[in-house]
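Note that the chains take the letters A, B, C and D in the order they are written out, and that residue 1 is the start of every chain.
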Amino acid sequence: MDSSKLMTMKEAVSKFVADGDTVYLAGFTHMIPFAAGHEIIRQGRKDLTLARATPDIIYDQMVAAGCAKRLIFSYAGNPGVGSLRCFRRAHEKGVPKPLEVEEYTHFGLSGRLFAGATNMPFLPMRTNLGSGLPAENDLIKTIKDPYTGDEVSVVPPLKPDVAVVHVQRADANGNSHIWGIIGEQKDAAFAAKKVIISAEEIVDESVIRSDPNRTLVPDFLAHSVVHEPWCAHPSYVQGYYDRDNEFYMEWDKITKEHDSTMEYIQEWVLGVEDRAQYMKKYPKSKLDALLPKPAFSAPVNFGSV
Amino acid sequence: MDSSKLMTMKEAVSKFVADGDTVYLAGFTHMIPFAAGHEIIRQGRKDLTLARATPDIIYDQMVAAGCAKRLIFSYAGNPGVGSLRCFRRAHEKGVPKPLEVEEYTHFGLSGRLFAGATNMPFLPMRTNLGSGLPAENDLIKTIKDPYTGDEVSVVPPLKPDVAVVHVQRADANGNSHIWGIIGEQKDAAFAAKKVIISAEEIVDESVIRSDPNRTLVPDFLAHSVVHEPWCAHPSYVQGYYDRDNEFYMEWDKITKEHDSTMEYIQEWVLGVEDRAQYMKKYPKSKLDALLPKPAFSAPVNFGSV
Amino acid sequence: MSEVSPTELMVIVAARELKDGESVLVGVGVPNLAANLAKRLQAPNLLMVYESGAVGSNPSRMPLSIGDPCLVSGAKSVCSMYEQFAYYLQGGRIDVGFLGGAQIDKFGNINSTVIGSYKAPKVRLPGSGGACDIASNVKKIIVITPHEKRRFVEKVDFLTSPGFIDGKDGWRKLKLQGGGPYAVITNLCTFKFDELTGEMTVVALHEGVTIEQVQENTPWKVKVADDLESTPPPKQEEIEALRALDPQKIYLR
Amino acid sequence: MSEVSPTELMVIVAARELKDGESVLVGVGVPNLAANLAKRLQAPNLLMVYESGAVGSNPSRMPLSIGDPCLVSGAKSVCSMYEQFAYYLQGGRIDVGFLGGAQIDKFGNINSTVIGSYKAPKVRLPGSGGACDIASNVKKIIVITPHEKRRFVEKVDFLTSPGFIDGKDGWRKLKLQGGGPYAVITNLCTFKFDELTGEMTVVALHEGVTIEQVQENTPWKVKVADDLESTPPPKQEEIEALRALDPQKIYLR
């Protein structure tokens, strides 16, 4: 067991995220690694290309903090609430700095990541034709189907420099069990050159090995393993804590102005040392309300021959 | 709960497998639905196109019994033992009748099924170039990568008329939990026009719903659900019974001649009514030796919000 | 009419379009309410597939986002994001998809990307998400939208999700596997699409609405079906079932 | 030499080629033995990936097939068949792949498809399986084969898995991501491949074997390395570890 992979988020970001990198913080609404995004802001990374299907609040914060020069995305909204105001300020008005955009449909972006993870030369897909997106994005091309002669839209693989994937449980080497909405976690881990695994719980290897079908990320992909409970707050972790919806709505108000946004970032990101301090600062009653009642999976028998 | 899907293998094959169909009995070494193959033989289906990455013993039997006119495959061996003699007799000598072949690599065939399951126009892949296979199979084409200009091999989707997928546990509607080697089960179910689910156990819907991440085949794909314990013998079912390796080795001797093969088929396929009778006839001591010791997965908490 | 809100009316009318046994790709909010209402009334075997990969969900509360954990606990199955789009949508497994958007034109083309020009937007909207993928691959697209002049436009600023483009010929050339726009449900009326030309056509007026009111709120000369109908008013059963779905009125304002 | 069988010798020599930390795509039988032997000796962190989708297996017995349940119970992960080929092989995640076959030529091209013509075979062999996919995508291909004249041929009857085709130029044109053939290990010697021409070259003779013996069993004029070495004889430690892996001599005949 190569326990040298175990480190703090501070160490992991310091070692594996560089200025100018293309970064993918994975998770489709679920298990978004907010703690990693905050640490990237604290360490002042800049000129990042931020890739995510749904930039969500985490990229809105990183854009406001000036970390990003480009956004690769497919849906730039505050899910269930409305706009991402920091994204809009940067893109529409260049505040705090201009933001380039590279835009896809959900299928197109998740397809690019899948193609990156599996190293496909390119991925043909039944979408984009008729839409205005290909005209605004040279990476979406049209070719001829060799079987039917029809026009087919294709996208190229996406291979981020670094991906952060938050999981429910991992062993010290990074073998990771994920359940609930599994989004693009597996594809992000396989597509990226460097992978930071962050986990609610670090468990013994035997727990992982008791259910290999549940392992979406095998250890050899992981460059670092961070034990980071509540990493995903205010998003959620199936079976661990619910989404803090109140905060998602509050974000809409916090971000009305760049200044008010930066006050938040000063207090809750730059003003704390790490996720543990952030959680300590957060009202405990609000957190308690996010804890679900237990509902366990029926076990399965793998058998031993 | 639409319990009208529950039926015997005899009813399922009678309703959903027709002469001339392209049939995919799924399972990469694991959970091969032998009981379905035997029932197809008993019902005298003919002119079938049999598709499977590994024809294995089951297609060898169906070829010997005269059900097949064409084989789509990627590895026609008796895994761990040697040749598939019935396949060879049909293909090399036309005994009992000629057999056309359509051949791929494992990646090519599993890729065709994946493309069929996801309705891709075609699938680009890093294989086939340099091999002699494309020259013998017009469906493997080469096109130009629009990003690099390089030559890329592509295959078209495969959409069988009917797939049989054996699973560990399903509910009465066909929601199916599968674990262990998951091969091409999911892709076969999504690619096929009609799907027969066969299960070691029929469980309450609540068991399936306790772990939705384990459901590889959702119910709306299933046209029929068959409760068929030991369906996969002499192949195996993770957690339920081991491979009957002795029989795999014996098959090599049984099939030395077409006549000796047909004697086997007469006794063990045509000579029994169904899988239950086959199992009753099989020496119990041999079956007992195939039962594994239990080894359960560590449960996970899905939580209830 | 006075007792239901415009949103409630739209949801009730939309729910009626869903048939038992159909599969529907559901977003949160209003489409989720319409699908769940149909399931409780005429379509108990409606298969609900969520963009987040959850299938056959059994939610214990009104989902707060497309990936709400209540969509997973007790669902029939869950798959990854690429899988959801590839196996379900591209796989041709979805009958009905609901779409919204900032602008729609008479051929059902939808803009949810940008007001103004793409390169220098007046208002940058969230973008396609799965909308273009849904529009390209489901058998029937149903649009639910308030009937406002800024939403119904002669030409969308950006074509995010294809409707019938410039009419059915333009659309046929794309060879999409989907069936294209099927209905647009507003607070005033229900539009369907002319089979030959692909143009949006008023097929039913909601209670108390005149065709003049529809025309006033639509910038082009609206086409009206020969057999124009009146939308049957919401039944007590529909209203009660709907309100039970969103007791806190999160979406039913 | 008298105390190890030809198969044991080949497995021991092959195992020595594996480095700690490498990933290896393992088939059952002889390659499985070689990988497991290396893991027990110089390469404790060898990552074993099986064609059936099992990764980091911890088998309780000698696997009987590529999909033996003992490869799953206690493994690190399992994925589907397409995923195994797509994420691992095509993904460029595999360093070493073992191949066998009925025929091999001097550029490392392998035939496992047919003896005679494809359309009217004298002997129909199982075919590629994953062999061509492995040959096209791993960094190093290692071939383990008995040294017989019917196996070493001037021209393969069918090219199942590409080696260096007709030399490195022909191979470069294919732009495969893999590194091509790396070593051929027989019961007589170890071949590696000339960096410039891609031709199979004897680099080491096993104990007691002469270059004449190699030539006698190879139909073309064999190329010999300038610095031809002697294969270090099997060590007691290697022999014991190997035999412990297959106590019933299922593969070590």
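Everything that follows uses one rule, which is that contacts are C-beta pairs under 8 Å (C-beta built on N, C-alpha and C of every residue); 3 or more make two chains touch, one makes a residue touch a chain.
The structure presented is a predicted model; accordingly, all values stated were derived computationally and were not measured.
Chemist: Using the contact definition given at the top, which chains are in touch with both chain B and chain D?
Modeler: A chain counts here if it touches both chain B and chain D, which gives A.
Chemist: Would you mind telling me which chain pair, A-D or A-C, is linked by more contacting C-beta pairs?
Modeler: If we tally the contacting C-beta pairs, A-C comes out ahead.
Chemist: I'd like to verify one number: the distance from the centre of chain B to the centre of chain C, where each centre is the average of its C-alpha atoms, in whole angstrom.
Modeler: About 40 Å, centre to centre.
Chemist: State, to the nearest whole Å, the distance from the C-alpha centre of chain A to the C-alpha centre of chain C.
Modeler: Taking the mean C-alpha position of each chain, the two centres sit 29 Å apart.
Chemist: State, to the nearest whole Å, the distance from the C-alpha centre of chain A to the C-alpha centre of chain B.
Modeler: 37
Chemist: Would you give the residues of chain C that are in contact with at least 2 other chains, written as numbers and ranges?
Modeler: Residues 54, 68-69, 72-74, 78, 86, 90, 177.
Chemist: Mark out which residues of chain A touch at least two other chains, giving numbers and ranges.
Modeler: Those would be 119-120, 125-126, 150, 180, 182, 210, 213, 238-239, 242, 292, 295, 302-305.
Chemist: Spell out all pairs of chains that touch, sorted by label.
Modeler: Once each pair is checked, the touching ones are A-B, A-C, A-D, B-C, B-D.
Chemist: Looking at the complex, which residues from chain B come into contact with chain C?
Modeler: Residues 2, 117-120, 175, 190, 208-210, 212-213, 215-216, 218-220, 302-305 of chain B touch chain C in their complex.
Chemist: What part of chain C is in contact with chain A in the complex they form?
Modeler: For chain C paired with chain A, touching residues are 28-29, 51-54, 64-69, 71-74, 78-82, 85-86, 89-90, 113, 118-119, 121-133, 136-137, 158-162, 165, 171, 174-177.
Chemist: Would you tell me which residues of chain B are touching chain A in their complex?
Modeler: Result: residues 119-126, 141, 143, 145-148, 150, 152, 154, 156, 168, 177, 179-180, 182, 207, 210-211, 213-214, 238-240, 242, 292-305 of chain B touch chain A.
Chemist: Residue numbers of chain D touching chain A in their complex, please.
Modeler: Answer in residue numbers: 23, 45, 47, 54-56, 58, 60-61, 68-70, 72-78, 86-87, 90-93, 177.
Chemist: For the complex, which residues does chain B have touching chain D?
Modeler: Within the complex, chain B contacts chain D at residues 28-30, 53-54, 73-77, 79-80, 83-84, 87-88, 91-92, 103-108, 110-111, 113-114, 125-133, 136, 150-151, 180-187, 236, 238, 242-243, 245, 248, 292, 295.
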